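Dropping a structure here in structure tokens format, bear with me for questions.
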Amino acid sequence: MNRRKFVMRVGKAVVALSVVLTCSLSEGQQSVAVLIAYHSATGNTEKMAQGVAEGAKAVAGTSVILKRVGEVASSDLTSSDALTVGSPVYFGNMSGEVKTFFDNWSKWDLFRERKMRDKVGGAFATGAAISNGKELTVLSIFAAMLVNQMIVVSGRGGFGATATTGPDSPGIDDKEMAEARDLGKRVAEVAALVKRGSSK
Amino acid sequence: MNRRKFVMRVGKAVVALSVVLTCSLSEGQQSVAVLIAYHSATGNTEKMAQGVAEGAKAVAGTSVILKRVGEVASSDLTSSDALTVGSPVYFGNMSGEVKTFFDNWSKWDLFRERKMRDKVGGAFATGAAISNGKELTVLSIFAAMLVNQMIVVSGRGGFGATATTGPDSPGIDDKEMAEARDLGKRVAEVAALVKRGSSK
Amino acid sequence: MNRRKFVMRVGKAVVALSVVLTCSLSEGQQSVAVLIAYHSATGNTEKMAQGVAEGAKAVAGTSVILKRVGEVASSDLTSSDALTVGSPVYFGNMSGEVKTFFDNWSKWDLFRERKMRDKVGGAFATGAAISNGKELTVLSIFAAMLVNQMIVVSGRGGFGATATTGPDSPGIDDKEMAEARDLGKRVAEVAALVKRGSSK
Amino acid sequence: MNRRKFVMRVGKAVVALSVVLTCSLSEGQQSVAVLIAYHSATGNTEKMAQGVAEGAKAVAGTSVILKRVGEVASSDLTSSDALTVGSPVYFGNMSGEVKTFFDNWSKWDLFRERKMRDKVGGAFATGAAISNGKELTVLSIFAAMLVNQMIVVSGRGGFGATATTGPDSPGIDDKEMAEARDLGKRVAEVAALVKRGSSK
């Protein structure tokens, strides 16, 4: 082997290796941070939040932070790649606590500078009766996210994950928990996809 | 004419007179109480609230109470025949302050006992840009009212009275003020109609 | 008693009697016409429509017309005191058939002349899954009604009557049928109330 | 320079070059197909559609197909990476034509097999008055997209691009046209980002 051939051979090997490394990194080890923010008075929405967290964690390379809306700091939001918000239904929409959480984004200058732009958003809701506002809650959470130029995804069901928790169907049943996990998985997967696409 | 006949005759006359008076009263002088509850940070929603009040007062027999949502007591709600709620648009929906006002209805047992049932509801909203959530705000206020079995009416425009208040169209202009007055008039008129119908 | 006094006495008695009769009539026998317009592909929404009809008929003095949206004529709408519209959920909202039914109101000049103004409106929806668009369907039907200045009411549930009809809960169960009947009753009662109030 | 150093230097240069080439390919030449489907009776929504098309075309590597909803075939949808749907507001929501377009997705088996999954969606609307249903139209288009597991984005304004076209503000003005272009740009950019992320 003469010097020229050797150089070419080594060069090609290094190229191959580096491309493989780059690809593995972008495919397998892209770290995605999912923030799950929720309000829960009875524990039902919290249980759904845990289901969403389980689903997100099941996606390789995903880290999850689970916080009550009142405990979320501005930095939790800006350092995340995705945000999933959950609320009990109070009078046909998200609770005042959850709405106030969104309103704080103004104070935190997240809106003016569009700091949440391109982060992926999902939503979940729990309510006593079947058609009592769970959809409107999820759609209203999406509206808040879209105004901030986030990218919105649904879960397996219609718009987000929901659970009926009133007397006829108390607590979170297996099907509702599976819906929560599906939502977490979906949000994490799309966030990974968007992050990979952005980093190229 | 003997005494018994005279008594009967006078009695009948009194009945006739009182029924006639009752009818006049119910037609022309049925007193209707309209509560206007609003949240305003910059004064725009407050100005719209004043327009709604003007419109309602223009309907004969209407009394108006104008209060910030944080000042509304449970008794203000139960003693009213109609409720018109106004909010600035914060992230595509009513502000946390207005949502919390509705959430308090639970604490005040207005929902469990359906104390707001059959009261007439209207809504108004102000927002910086044209399609930034004013409609969703009005529809979400309606949703809260409908869950409480209130009777919902629109104004002259689509769903309620709205005003665009951002840089391109600062403050409340004449057309928006006219829309606010129309909403107040409409709410008062339908409330009078429902009250007359109920009292028969 | 001379002739003049006798005439007066009889006259007054007749007045009293007639006012009493009028009041009885307006209270108990005010005739209210409820139109129920629906679209149904599988029979589920039709069954809900029948439930709404039963509930409305149970209110004394109510006549009910039940028609598929494609068969409703302009005169059916203008001659009714209340309208209840039902739709299956197709992709998160009312079906194209039901939307086209509303769009025809323009061609029929119902909107331009506000011919549906002050008529009472209700809505019902059926959908395969729990939070798949039944609420948005009902709210969208309300939106169409409110633009036409109709007066909107909810049923016993959140916004209107809904039924889940997918594999997990096929057909219309007793609870859903009861919700349909409650909606019919509510719409008929409020329509009677508004009609009595208007005729005074 | 000894042999070892030379080899390393050449190797690094080749690596750098290859990575740059790979990056250029994924960044610059990823072809993204944007379908714009609209209904227009007066020409206003069509003009907005053209604005959306201009905005999308301005993103390098984007091809645009502009079609009336009635002319869109199933293959137009499945072969696109992004879909932007526009409708005039009829009675507070998208027109029957646009709703029927979505309903056809069932017949075309797009829903059952989730063939629209992960495609990016945007929406625009035109309406005679300011708050007459443009928002609800855009949100209802989003709802249809989300049920199909599409990924939803907003434009510069609240939820999508909108234009007020009634007597007070006839036609599409410059600001509304700019909003349409912004929406097209946004949809094309996010679609490119998602496609790049998916292809890695």
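Letters A, B, C and D mark the chains in the order given here, with residues in each chain numbered from 1 onward.
Heads up, the rule we're going with is that a residue touches a chain if its C-beta (ideal position, glycine included) is under 8 Å from a C-beta of that chain, and two chains touch if they have at least 3 such contacts.
Model, not experiment: these values are computed from the prediction.
Although subunit A and subunit B share one sequence, what matters here is the overlap of their interface residues, and that overlap exceeds half of the numbers used.
Rotation relating subunit C to subunit D, from a C-alpha superposition: 175°, rounded in steps of 5. Computed centre separation for the pair subunit A/subunit B is 40 angstrom, with centres defined by C-alpha atoms.
A straight line joining the Cα centres of subunit B and subunit C is 22 Å long.
Each chain gets a centre from the mean of its Cα atoms; for subunit A and subunit D, those two points are 22 Å apart.
Shared interface positions of subunit D, defined as residues touching 2 or more other chains, are 92, 132-133, 136, 139, 143, 146-147, 158-159.
Looking at the complex, you find that subunit C touches subunit D at residues 90-97, 99-100, 102-103, 105-106, 111, 132-133, 136, 140, 143-144, 146-148. Here subunit A touches subunit C in the complex through residues 92, 125, 129-136, 138-139, 157-160, 162, 164, 168, 175, going by the rule given at the top.
Considering their complex, residues 3, 6-7, 10-12, 14-15, 18-19, 22-23, 26-27, 118, 139, 142-143, 146-147, 149, 151-154, 158-159, 186, 190, 192-198, 200 of subunit A touch subunit D.
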